[in-house]
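Chain IDs A, B, C and D follow the sequence of writing; residue 1 opens each chain.
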Amino acid sequence: MKYSLNSKKVADAAHEWLINRGVRTLDIAEITYTLQREYYDSLTIEECLASVEQVLSKREVQNAILTGIQLDLLAEEGKLLSPLQEMIENDEGLYGCDEILALSIVNVYGSIGLTNFGYIDKLKPGIVNKLNDKSGPHKHTFLDDIVGAIAASASSRIAHRKQEEIEKKGLIPPSS
Amino acid sequence: MKYSLNSKKVADAAHEWLINRGVRTLDIAEITYTLQREYYDSLTIEECLASVEQVLSKREVQNAILTGIQLDLLAEEGKLLSPLQEMIENDEGLYGCDEILALSIVNVYGSIGLTNFGYIDKLKPGIVNKLNDKSGPHKHTFLDDIVGAIAASASSRIAHRKQEEIEKKGLIPPSS
Amino acid sequence: MKYSLNSKKVADAAHEWLINRGVRTLDIAEITYTLQREYYDSLTIEECLASVEQVLSKREVQNAILTGIQLDLLAEEGKLLSPLQEMIENDEGLYGCDEILALSIVNVYGSIGLTNFGYIDKLKPGIVNKLNDKSGPHKHTFLDDIVGAIAASASSRIAHRKQEEIEKKGLIPPSS
Amino acid sequence: MKYSLNSKKVADAAHEWLINRGVRTLDIAEITYTLQREYYDSLTIEECLASVEQVLSKREVQNAILTGIQLDLLAEEGKLLSPLQEMIENDEGLYGCDEILALSIVNVYGSIGLTNFGYIDKLKPGIVNKLNDKSGPHKHTFLDDIVGAIAASASSRIAHRKQEEIEKKGLIPPSS
């Protein structure tokens, strides 16, 4: 049978795999909310949720999600070849391909998401901290970075939209 | 007077500066058309033009255009400090900041534009070749890369849209 | 047993996996030679080989090699989950994570390798063409991009070294 | 007179321009030390200083320094064209080309520097905070990001070197 890309299948899979790995859209939106509420008083969790959904609708983001979770799953099952198995299984600090995949998400929303990504990665708020917990059976070497990147991208998207609102209304922007 | 970002002013300036430096939207669209017509028989120059316009509507792209053209202009007028002046004036191959700025444009449309960007940069089709001509008074060290990046991004955008069309109509995708 | 990164094991594995997938260091050096001999008359294949070896000695490059080949192998064996399996198996043009991983190699050597990477990816010289042949049982969705990125990085490295030589000898650089 | 790249001149200029803008190598090393001492008990400021010097010896880093400081200087003197002048002068949050240039520095040392870069950019330790102070006559829109990127790269370099030491001595790595 001839191969043919099915975009809906890819989008649905990205959504399901996140859920299966314990990450709800709301968990990601909460990080975005935490990062952005200090800049925008009127920001609601609903706006953050809508922003995360928009980020998740991008093909590049879906591809990164599927690839990262697949590698996490295989590492968990011990099905990767040594020494890649050990590096991913142990979230080796000098591995770096997890950050690279995450960066490809951030890049789609311009470089202003970079800072938030790095900050999330260091502080590990909410769901990122849970994913990073090494005591359980799960390995989330890629997923914690991917979730951080989605939250950072949603933050960047909000900054752009708030500027739009300000310009439409003639309001004064937040002091940075 | 308090500073406040004016997005329309930025968008208009990006458009005007391109025109003032001899680059019409159609010139960029022609590169996109040249790159993509072999994959899509029905592709029209109008579709390419619309795709280039969409790329140009992105804030990240506008910022890169303004920054790159500004540096080209200052190099032309000899107003940069040595040795940066000489590097930009002479399009030094080991300088690299021109490619970096261009890459930030390509990144917004996902990594599939990367290949087209590199290809355009080597083959220098149409307007890129004109910009790269060192015999005249103009210095386009940044602009040739930026134009190549816009054309590559527009190509990437077309690939995504054609896929959408194919999926909607149930057609078979082009063999890559 | 406590995990501890073994850098020699990682370096050796990267080398072996390349060989097992049909890529010799010389094959990569030949691409570099093809790209660079027009700029440097005196360039030898031995210099290109030494440059490729240096690129291969970088941890970031080794990590990308292991990750990419692992995904290619799993796709070949049909062990990835759908729809990621189909995308990688069929080298889906809109997938893009293969280019992202390759870009992480190129970035280590500065942005001047970008152009060569895109050019190689389009023209598919030598071993890249072989890897890209879809008629056999092998899937090299990631590896062709990785090999292109290594060859591009080695080219960039040569450009830097030739400049050093020129400056030491007081010679005139090649006109670009 | 024929142009010819003079690498020593570029390196010296990068060093001098940093000094002229109030940034000493030691200031950058202190950020690196702050970031890394929690991981490595025996880390000294001298090691951090040596690492920063190594980062500063890279051509890509020097080019980014010169380009960024040049734009800052021109913004300070009001010599850029509107609306680029206003965006750089006011360190516009949605501008982003400052982060892009900084990212090109971080990339040379692999993606593990990304996290530190974002963290520094948010927390603004030491000299980054001083550069970011908007009350004086100076505009450091690019330089604060560049300094953060150099400190992050030096941190990444130290992580790699400490791993080398550990492997040579057969010591146990720090728990991440």
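Definition applied: a contact is a pair of C-beta atoms (placed from the backbone, for glycine too) under 8 Å apart; a residue touches a chain by one contact, two chains touch by 3 or more.
On a predicted model such as this, the values are computed, not experimentally measured, just so you know.
Novice: Counting residue numbers used by both copies over all numbers at the interface, does the chain B-chain C contact come out same (over half shared) or different (under half)?
Specialist: Same, since most residue numbers here occur in both copies.
Novice: Quick one: report the Å distance separating chain B from chain D, using the average Cα coordinate of each chain.
Specialist: 28
Novice: Mind pulling the chain A residues that touch 2 or more other chains?
Specialist: If we look for residues of chain A contacting two or more partner chains, we find 5-6, 59-60, 94, 96-97, 100, 103-104, 110-111, 160, 163.
Novice: Viewed as a graph of touching chains, is the assembly arranged as a line, ring, star, complete set, or other?
Specialist: Topology of the interface graph: complete, with all chain pairs in contact.
Novice: What residues of chain C sit close enough to touch chain D in their complex?
Specialist: 2, 4-8, 59-60, 104, 107-111, 160, 163-164, 166-167, 172-173
Novice: Across the complex, what residues on chain D touch chain A?
Specialist: My answer: residues 91, 93-94, 96-97, 99-100, 103, 110-112, 114-122, 159-160, 163, 176.
Novice: For the complex, give me every residue of chain B touching chain D.
Specialist: Within the complex, chain B contacts chain D at residues 3, 5-6, 9-10, 13, 59-60, 63-64, 66-67, 70-71, 73-74, 79-84, 86-87, 89-90, 92, 94-97, 100-101, 103-104.
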